[in-house]
Amino acid sequence: MQQIRIAGVSKRFDDYLALDRVTLDVEGGEFLSILGPSGCGKSTLLRIIAGLEMPSDGDVHIAGKRVTGDPVWKREIGFVFQNFALWPHLSVFRNVSMGLELRKVSKAEIDTRVREALRLVQLDALANRLPAQLSGGQQQRVALARAVVLKPKVLLLDEPLSALDKNLRQDMQVELKSLQRTLGLTSIFVTHDQEEALSLSDRVVVMNKGVIEQVGTPQEIYSTPRTEYVAGFVGEACFFHGIVEGGNVLRLADGAAVPLAAPAPTGARIAAFVRPEWIKLETPSNGGAPAGVFERLIYFGQSSDYLVRLGDRQIRVKHRDGDRVFANGEAVALNCKAWPLAAGAQAL
Amino acid sequence: MIGRSKTLLLVPSVSILAAFFVVPLIWVVGLSFMSSDGTGKLVTDFTLGNYTRFLTDAYYLDALLWRTVRLAAIATLFSVVIGYFGALAIVRSAPSWQPWLILLVMLPLWVNLVVRTLSLMVVLGRTGPVNQFLVWTGIADRPIPLLFNETAVLIGMVQVAVPFVVMSIYGVLQSIPRQLEHAAMTVGATPLSAFRRVTLPLSMPGILAGSVLAFGINVESFVVPILLGGGRVRFMSVAAYETATVSNNLPFAATIGVILLVVTMAMLALYQWAVRSMTRARPVLATAG
Amino acid sequence: MKRRTVVKGLIGLLAAPRIAFAQQKELVVAAFGGAYTDTVRKTIGAFESANGVKVSFVPASGADGLAKAMAKQVDVMHGDLAWAFRGVAQDAFEKLDPAIVTNLSALHPKARFSEYGVVTNFGEYGIAYDPSQVKGEPTSWLDLWKPEYKGAVSTTGYDAANIELIVLMAKLNGGNEDNIDPGFRKMAELGKQISVFYSQHPQLLDLFRTKEIVMARWLRGRVDWANKQGVALKFVAPKEGAIALVSTVHVVKGRPQTELAQKFVNHLLSADSQKLYAADLGYTPSRRGLDLAGIDVPYSDAMIDSLLMSDWAKIVPKMDAWKERWEKEVVAR
């Protein structure tokens, strides 16, 4: 069942088109990320779903009901703000209980539900603290508890983890995901961090300049992106531009040939890309594979990368156990299959 | 060493405070326990006579002290309500407008108070625009006396105090992120209840500062009651001035001043205490309700 | 040797102006500010050169003036009868010496109210009225009490002229300065007639302009001023007598140059100075026998004789108590 339907939503601020006819369906219980750089319209879309902004055009449905004109307080959503937006004058308990108070829930039930929500985020011991007495991670959990205590139809999260430091962020990702699973909440998660989007989501929406570039599972978005923009945004990519020969080889301008991982129309001028971990470095032979110069090894501890100069580009290649060790300055060949981008021609 | 040089740094400000505030205050308090012979000559023997005269006379207690405190308190209430909405309107207006709106609020402060009050007399006068409007719209069938009564003094005091209230509340409101209200709306609060539950309690420090300022200004009003009260609306500060300059009874004038100061300070302490205990009691009340 | 001469010369140069300054005597006069001081200044040059003195003015009268006199900061003080008698009681003034203040003999006797001061000029408080609103010409102070003008008459708050009015009402009803109750009883009735006690001249002018007031206790000179402002008013001196507005001058005791101060007082009473009070300020001079042709100021012995001027030596000690009675019985509703 579709829990959220966004149909042809546009948003215009004065002369600036922030969203251009965006259409998107979100399934019940799904965790969907909206990924994109700042200014791409992802937050605006989320605020339109919440009712914090009104669309200039198009419709929003939540749980089968058209809510386009409804104000935020009637939409039964949970919203988690980037910088928590906790009420500094109220205790943790009252931050969480306000929504229930507004719904005239009985005192006993408020108490039960708030305690339960706080237990869920492991803050039941700190119910009487003020927000200022909590750490950043604890504040974020209060914000989560505040949103989920109302059993909302959808949970909307606006870059909720970006204010936290890296370690805390990874812990919170795990917690957030398990909380979402436990409650079976339909969630939309806005972020500019591709790792976060890929690791948390059932599906990822990549947005750019007010339009959706691609919607897909994390694997689809990462391995088989449709555009150069998506390929470049969700991970490190090395692009090749050339003409398709024989349906499965890309002939580059310098004469090198790169095999394609999927067929493409012969004679078409397209772009294809490889991820660092798809490439295997070899000693040059007569195969016609792209040739480069080994520059150096970067050691990270648990893994390491090769840096290879390819014409005027420098690309990364993932080092794998058992790889041959190259000397700096040694000529190498790139053994890899490139993924042809459907919209490659336009990206040229 | 460091401690001593820090203390030394305080010397200029402390001595200025002492010279311009503490010493005159001590002198005035001392004066209030002296008396004056019929011709205004100071008699330095200690006496409680001035206080007895004031505190045992219904005229001084009711017509003077109570009227002063009552009008100042009412004017403060109006000033804070008007000032709050003014400040809110400015905070919620487009950022590019805000400096101009602030300027508009500050503008009257650069005009001499006497001139401002005199122009208010023109506005409120029998042939002034307010009365013309009332008659023209038929709300009143003939000009009503808006001047030379307590209402006129109230209007005058509100006019004086509002800019100060706006400024002190504006500062606090500006520091409250709008997102806090939005957060309340996401949990189901209408804009009104979001304001009542979030912005209003968070702006309490501004309201407190604004009302203390407004009450302090109003209770010391001098020009306004003289000009707009038409000589009928007696005020403590005016009485102190006239007692000094017309009756030439400096000790009794000092007594009026001291009583006004003590009552003002007591009122403000009481007010702060009341507001504090009210805000402290809020969470308990709300969860109970 | 040579160097020493140069140094001496330099010291001489530096010291010379200071010596000259020290020789220049200075007289500090506390006076009513504004036009009043400007008028006195007009003739001061002759006095300064005749006596080798520099006269400087400080704007101070009333409480401020007496305070400066008591602190011996001024040589000459201006005031009114209340402050005059307060100063006398506090021993602030020198007796005027008829041998120096020779002009005393040329004054109307009413001006010589005390040995410690003298009236330099008189003004008249009477009834100002709007002829378009008042039927006929008021003739008596009691016209302010007429029921048809209830709410449309005005006077100031408690001041010297209203004290004269209280005393007059006491006298008209069998009392006097020592038996003031009848006066307050009558004034309490006036209080009920009044909606505004005015405090500023422009304020009263506006009240007349808007017809909120049709009759008020005001100064003759101010009525002329109102007419120039385009508010057509008339002035009448009531039959009981106009109330005197007096400006007094005193020599402050304990200052180094009291003789010079006496000469200055004499200068204020000279024919030239006295004429200017009339010409520039519209006040009636205290000096008799001046030629005031062409100056529109009432000037006669009879006129000064008729001015109401109570015994302020008796009033001054009671002013504080009367102020309280005024507030309770006249102002309070």
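Order of writing sets the chain letters: A, B and C. Residues in each chain are counted from 1.
The rule we apply is simple: a contact is a pair of C-beta atoms (placed from the backbone, for glycine too) under 8 Å apart; a residue touches a chain by one contact, two chains touch by 3 or more.
Predicted, not measured: the structure shown is a model, and the values here were computed from it.
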Query: Can you name the chain whose C-alpha mean lies closest to the mean of all the C-alpha atoms?
result: B
- request: Name the chain pair with more contacting C-beta pairs, choosing from B-C and A-B.
  value: B-C
- prompt: CA centre of chain A versus CA centre of chain C: separation in Å?
  reply: 90
Field: Centre-of-Cα separation between chain C and chain B, whole angstrom
entry: 37
Task: Indicate the whole-number Å distance between the mean C-alpha point of chain A and the mean C-alpha point of chain B.
output: 56
Chain B residues touching chain C - in the complex, by the definition given at the top: 36-41, 59, 63, 118, 121-122, 125-127, 145, 147-148, 226-227, 230-232, 234, 239, 242-249, 252
Message: Help me check something: in the complex, which residues belonging to chain A touch chain B?
response: 50, 52, 71-74, 77-79, 81, 83, 85-91, 93-94, 97-99, 101-103, 107, 110, 146-147, 150
Query: Across the complex, what residues on chain B touch chain A?
result: 177, 179-180, 182-190, 193-194, 197-198, 201-202, 283, 286-288
Field: For the chain C and chain B complex, residues of the former touching the latter
entry: 62-63, 66, 82, 85-86, 89-90, 156-159, 195-200, 202-203, 206, 210-212, 316-320, 323-324, 327-328, 331-333
